[in-house]
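Below you'll find the structures, each written out as structure tokens.
Next come two complexes, and both contain chain A; in the first it sits with chain B, in the second with chain C.
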Partner chain A sequence: MNPDMMMGQSGPDLSLMQTAIYGGAIMFGAIVIATVMACFTLPIFFGAMTLLSLGLRVLQNAPDPVGKSSKIGGLVFRSLRRNLLRTALTYVALFVLTWMLTGIYGMVKFLGDFTAEKEDSQLVIMSEKFSIPSQMPPGYANQLRGVIETLPPSNRPRPLSDEERVKKGVAPSPAGPIAAQELRELFGDDLPTDPANPKRRRFEQLAAEGVKENLMTWSFVGASLDPTKFTQENNLFLFALDPDAVTSGMMSEQGLNKEDLGEEGWTEMLRVINLVKEDKRNIVIGEDRLKIINKKVGDEVKFYSTNYKDITFECKIVGAFPAGSRLAGGAVMRYDYLLAKLDDYQKTEGAAHPQADRCLNLAWVRMPNKTSYQALAAKVNEPGKFNAPAAKMETFSAVVGSFLEPYKDIFWGMKFIIMPAIVCIMCLVIGITITIGVRERWTEMAVMKVLGFQPWQIMGMIVSEAMLIGVFGGMLSTWFLYFTPLLIRKGTKAVGLKFAFFDNFTMPWEIVIYGPILGIAVGLIGSALPSWNARKVKVSEVFAQVA
Partner chain B sequence: MAIVEVRDLYKSFSRGAERIDVLMDLNLDVQEEEFVALMGPSGSGKTTLLNLIAGLDGPTAGTITIGDQEISSLSESELARWRTRNVGFVFQFYNLLPVLTAYENVELPLLLLPMSKAERRRQVTNALEIVNLADRMSHRPGQLSGGQCQRVGIARAIVTDPTIIVADEPTGALDSKSAEAALDLLNLLRSELGKTIMMVTHDPAAARSAQRIVHLEKGRLVGADTLNTLRPAHAE
Partner chain C sequence: MFDSAVRFVGAFVKRVVGLFATLIVLALSLLPLSALLLAFPALVPQESVLTESVSGRQSWLMRTFRRITAALSGLLVLLVILACSVELVSRLPLGERGSFAVIARFFFRAPESVPGAFQGLTEAQKEVAISKYSPEMQSFLKTPLHEKLPPAMVEHWQFVILAVYGFDVLLLLFIGKVPLTYNLRNVRVRWKTNAMTAVAFAAVVSLLTFLLAFVNGMNNLTENSGVPGNVFVLSDGSTDEIFSNLGYGDLDNVEREVADRDEANKPLKSPVAIRQVEVGGKPRKLASRETYYSINQLVPNTEPPRRRFVQLRTFEDPQIAAEVHNVSLFPGGRWFGVNGVEADPRDPGRTVIQCVLGEGIAATLGPDYGKKRLQTGDTFELGEMQWLVTGVMKSEGTTFGSEIWAKRFSLIYKPFGKEKYTTLVMRTDADTKRASREFAYHLNNRYTQQKLKAFSEPDYYAELTKTNNTFLAAIVIVCIVMAIGGIFGMMTTMFATIAQRIRDIGVLRLLGFKRWQVTVSFLLESLAIAVVGGAAGCFLAWLTADGRASTSTLSGGGGGPGGKSVALTINVDAQVIAMGMLFTLVMGRLGGLVPALSAMRIKILDSLR
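Let's turn to the complex of A and B:
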């Protein structure tokens, strides 16, 4: 999630026409990609069909009833091979439609998960209540720390346990070894209140670490390398923050974590952040942005802030965020460097910088659960606190929910109109194909009946044909849709596919199962009518017509 | 001994409010190992009668008994099962499944019977040998001539060793030479294998291959000729 979306309460003000154009373009692009992918997977489809067919042929040598059933089953594959073009086109259509359907489902679910109220660990955001963009006094950060310290132990943010640190690649805590069990015991309601009690003392030590690890501030600095003009090639957008926020894992959502960067990438990131910690003028810029501004790691740069008028930063680029990552187009600098520059301004100009008291844009706190968030929010909203300007506290999901509010009708339409419509079209596609196939083989159906095939056997063969195309279309489509982003993510070693303002967009794993089930279902529904007609074929009428 | 007994048979179809009587008060016996040809003008009901005897359709009234089985009261599923064992059907246009080889086409009805693979192979090979197509087993219908296709059709009809073979215009789509071969084959089935055969035909020459010709007109039997009483008019 990009913090810049939290500057405001709602999404960009797109007109209906713009939204429709963007939506249409995205839809068209998705269809083109899906069609290409479908064509790309055609050999896999026919290969799998051939393998299954060969498998059945091998089974034909098995003792009955397996051998006999395999022979009858083989008829299904042979029927599908009669008109390869039609079978291929039906497969492609089902692939594309499943792709669209699953894509929409994945997106809606992804957003739903983001906006769902969670009971466990909550990322909560403090921002200015009535103004967009949010601009708060820097003192609010300390004030917020003070408020957190007044919360009961069970509601206080906890530091990572040693086990979690190893897993996330976070350095050991200065508070010494921390066992998960110890955290559970200390951050409970039955902690002694006596400050001299060793348990209480240990709790206070860990609680202080907990605040450090779970609270971070964001300040946004726009800048240009040229004092006279601001162009695409010379501008820079920097997040001014405490570098410890990276090493403590608070910026995991921005892709700065061990899992996304890999062991090597994460070690390199920690090295770079340590360089930033060494000198407040050291900065890290995303690789994409470095290319645009034509700079490289090691360069010294001077840039002129656009939102902090008359403030100039002299920095050294000590590292780069990987290309394709969330921060690849941005940069990170130290918050205390921004504060120092604002102090310098006051010293030289004799008056505080106009932005000096408005340089804190956001504060993030990771609270252990919903109750603790509610307790903190209640404190923040108490009269007399955070009132100049008024600040509000929201969960991450609520912020995303507010941002997406203008689009809720579109999402509703996608979920309840477009998705069912796609399923209907899938049934129709498969229904038409099977109907044509049945009509072409009308006489053959009658012959099979004459030979003694039961109506349900004929019906079963038709339904199997439909289900076979359906299951392959659904399965290959969803499997490609699920595994391709994972592979891209692995291949690029970046934070993953970006989706609007969100990081790490991955399709929900359940589509891998839903795809084949959907294929079976549309195969069943789509072939219901033609197979029923085939079942009811009147032999005497068919041959009367033939004669 | 009559293997086919048709008693007081009525068959009518409804077209909207209109009722069309196709067969009326029809009685017919066909003896075991008899080769009967059904003749009559178009619309006389001969194919309908053949379909009823083959269990492809049910009568409006009356009974049909094939062997010991009274088939007019059987359900659709029971009829399907009965047909597999008891009826071999030879079609005018062969109606072989184009995606299957000659062997597989002949084997198809056997897949519905409780029969081992070895038995199936033996019977299919035997049937194809009878029709003199043992060397064309792996050919698809598209790779066979019309006459060969019809012989595969006949092999398919006899492979289950049915009680009765019904043939609807079996020579209708064949040239005279192939037609003659097909009729010889049907006669061979009767004489050598003891099969009972009922054949619908428009062709008097084809009908003369039968032992008896049954004439139908407007849904009624109007007469019958035996081989010895065939009138010259029928030979025209």
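Let's turn to the complex of A and C:
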């Protein structure tokens, strides 16, 4: 979640305009890149056509029907080479349009997959049932722990196995070695119920570890470095949480994981988290935010909370989240420091802070599967539990879906208006090109009919021309879009570079197949009318005009 | 081998230079053609535009004089056309604000905020860098350029550009004979291919018009939602009501405040205070104390279960609120009472919460109960409570259309967890935007009892249009992409047209038409196809989209949970149609110029062989 989204900011909000400008610049850059790529892939297009036509020329000597078909195929390629400019323009138009269509498809698919319910391990969030922002009493965290402990063993969150810890760079468990097989055996419904049973005791030990590793709370603290002014240059948004949440992998969706940070980055993150654990006043701020507030690692800062009025935090910056990462604009502090400050307020003022019983904003739990999440959600929804205020439990994808609900008309428009419109325009572009080509070769077609070509063969040639341009335009565009980021990512990782954009950029694999199919379909539809007209050419009328 | 390599490199460099030259020509194609033609002799002094021919024997001085004169006359014509267009548009009844003025403001912003200037510096560093310049230079750097331009050029720039193109065509026809009839006849003769190109244009323009109409609907929504004389007060540190938290007793003091000085600390001619009205025989300040909620609601009968956010606003006094916000109910409705609850008419044993609905939310909730929209007397569930609709607000075109209004009391604020007010909206006695801005300034800078964030209400809603700007940027980019198809289609059509009519071009040259006249005629031919396609696209968009209801979200605080989900009406008006037609003309010019220039370069003898 973008920290800037979670709390409002006063003063002129540049973030949305900046986002619009950067978004517009990125999109414009994408078009320029697409057009340049199209022009650079023109040699591949023409080269492939040349190779295919050479291959067909070889086959022309073969006995019929292979030889005859090859000769007809050769005529198709010759027609495309007749006017290279027109063929190139059509190819470039199809390339760029396919590129953008694929981009929109990728975005719509990503959102659809992201908001779709999953069956396997999923992150669930407990928040206030009705209102936003969610503000719950801090006791709800312990209450939630208690509820999780009442779930049957198969529905309980599990600790990471040793193999998973090594893969994710997480420290060994205090509960000793944990094998994946042991987890499968213990977290099943056939576990002995006798508390004295060694298996049961081991389960309880691992289950407690599982809850610790898979439960995280967030509290949002808005703050300013200046008590009298709140501007872009002096504000800070902090997530108050338990630092173990980072090492256990609960912050991996926020980009704090070994894969995104790399080996060195993750080691540095662990070092910084250890520093945070040493002193509860130690905080970590994103590099982008450090630049804006003109601070650096090692600085002592005093900031004045805007949502916890009259509370001041004295902190030391012990580390920075990398620039360009998801937390680059935010900051993290210790949750127990926030609670300590609320306690201090009570001692000083003689009354609890107005926000003291509303300081828990979100509670995250990683559940092993959909069934266990549903069991937990049912327990949270039981009357009498979590009712002051009422709380709900939902998956992370469902939460995102709720926020995207107002945009459903826009997404519908993208899926059912923009994408079909682009396909229509592609058909028209090909149609225009083929129509002009057919008109130019009217006499040639009459001659072909005289030579014995059947109407369906002439029609097939026209359609083949269109499908050839379409398949190459669609294929090269989607293959470029899919494989180029993969190759760049592999290349940069091999030499130890981090190319942030391409590390996060992936397209769905099916575009590799959809691209050529789209090209063929567009070629077929676009050339339907002109090829039908070509089929109907009347020899006598054409020669009468020529005469 | 070396010679071949040199020749290859030379040919490659020539092609690259040619490509850049083509791009420059494409950019220039958007300028008025008459101005470019008059400036043409600056590049090619042996070409004549206004005269029949140019004397071959001319001295270097004469040729230089011709070049300078041509350049100046082109510039002069450009300025005259622009001035006439601005004057014409200023006199049209288009309203004060343009829906798409933000695009002009983006391009004509302050020099200090242009990308590249003061790059990589934070705001504080930028201030320090700027302070080193002279005061005049500082003023120049900080003043947005759009403030120096005529308002018509900023607010209604699309009409200005259309007028420029219109004057340009008239001037072209006036400058010299262009074989227009010949070209228009050819449009009719080759109607199939031209129709396909026009259909491509229609597809792109109709989509652009539809999307711009959506943004237009959102702009209208935010504009109509602000009462000029209202002051909108939130707690400091929050741009949106959802994060605001005002206390109780503080608000009495706020309502009693009087602003007696302006922003420059000079005394105001008449101090600004909050209007007072008589309610039940007692004087009351026209100030509405409100609590704004965004309630997460499970959408009934959905699989998988979906949730949505519903806007709820509770008031101390609905009569005061109605007067402050200028909102009334449809006949048959009544405001919620002092208690805020009543017995359910259909089930007297059950207590329901009274509420009034905006038209948009009534239409959103209606399908949950098998109706098109909820009406007075209907009940619905929200937050595990039953609510009774006592009235529907006349709120179309305002953000209140998406809200549920109810009485502020414990049955609502306890389960929804917000006991304190979030918003205070007050009507100034002068009831003008200036007065509300002065009062807001006073509260922000001089009121010391509590830190507040006050806006003139129209300014608050103007902040919310930032979401619109994001959509606008995305829409423009998507349509530019699709325009590529239209442009290439036009190029292909015109290249083929020219190839087929190469003899015609030779004959036209023999008859005495000059190269530029041939170029202009083919360009006008492509524009004619573009105009037909664009007009069809605008008509299609108007037919299908105008008046349609849709939903979106508005946010001034960076989006996310602070956004207001709003119901809006898609509006295809003159502004949107002007944008559509401008877009089609630009596509037509970009697609038609390069082929038209190729027609110009054909040699007479080659074309007749």
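Please note the rule applied: the second predicted complex is superposed on the first by the 396 of 547 C-alpha atoms of A that agree within 3 Å, B and C clash if a C-alpha of one lies under 4 Å from a C-alpha of the other, contacts with A are read in each partner's own complex, and residues count from 1 in each chain.
Here is the rule we go by: a residue touches a chain if its C-beta (ideal position, glycine included) is under 8 Å from a C-beta of that chain, and two chains touch if they have at least 3 such contacts.
Please read these numbers as outputs of a predicted model, since none were measured by experiment.
Asks: Check the residue A:R439 against both partner chains and state whether it touches chain B (first), chain C (second), both, or neither.
Replies: A:R439: touches chain C, not chain B.
Asks: What is the contact status of A:P383 with respect to chain B (first) and chain C (second): first, second, both, or neither?
Replies: In the superposition, A:P383 contacts neither chain B nor chain C.
Asks: Look at A:V92 in the shared chain and tell me whether it touches chain B only, chain C only, both, or neither; answer first, second, both or neither.
Replies: Touch status of A:V92: second partner only.
Asks: Which partner, once the models are overlaid, touches more of chain A's residues, chain C or chain B?
Replies: Of chain B and chain C, more residues of chain A lie in contact with C.
Asks: Is A:K291 in contact with chain B, with chain C, with both, or with neither (first, second, both, neither)?
Replies: Touch partner of A:K291: chain C, not chain B.
Asks: Of the two partner chains, chain B (first) and chain C (second), which one does A:P195 touch, if any: first, second, both, or neither?
Replies: neither
Asks: Can A:G452 be said to touch chain B (first), chain C (second), both, or neither?
Replies: first
Asks: What part of chain A is in contact with chain C in the complex they form?
Replies: Touch residues, chain A against chain C: 1-2, 4-10, 13, 15-17, 19-21, 23-24, 27-28, 31, 35, 85-86, 89-90, 92-93, 96-97, 100, 104, 117, 128-133, 135, 222, 224, 230, 232-233, 291-292, 294, 306-307, 358, 389-390, 392, 394, 398, 401-403, 405-410, 413, 417-418, 421-422, 424-426, 428-429, 431-433, 435-436, 439-440.
Asks: Chain A touches which residues of chain B in the complex?
Replies: Within the complex, chain B contacts chain A at residues 47-48, 51, 54, 56-57, 76-77, 80-81, 83-85, 87, 89, 91-93, 95, 97-100, 104, 107-109, 111-112, 114-117, 156, 168-169.
Asks: Where on chain C is chain A touching in the complex?
Replies: 106, 122-124, 192-193, 196-197, 199-200, 203-204, 207, 210-211, 236-240, 242-245, 293-297, 304-309, 383-384, 415-418, 453, 463, 466-467, 469-474, 476-478, 480-482, 484-486, 488-489, 491-493, 495-496, 499-500, 550-553, 555-563, 565-566
Asks: Name, in rising order, each residue of chain A that touches chain B in their complex.
Replies: Checking each residue of chain A against chain B gives 61, 63-64, 67-68, 71-72, 75, 78-79, 81-82, 443-444, 446-455, 538-540, 543-544, 546-547.
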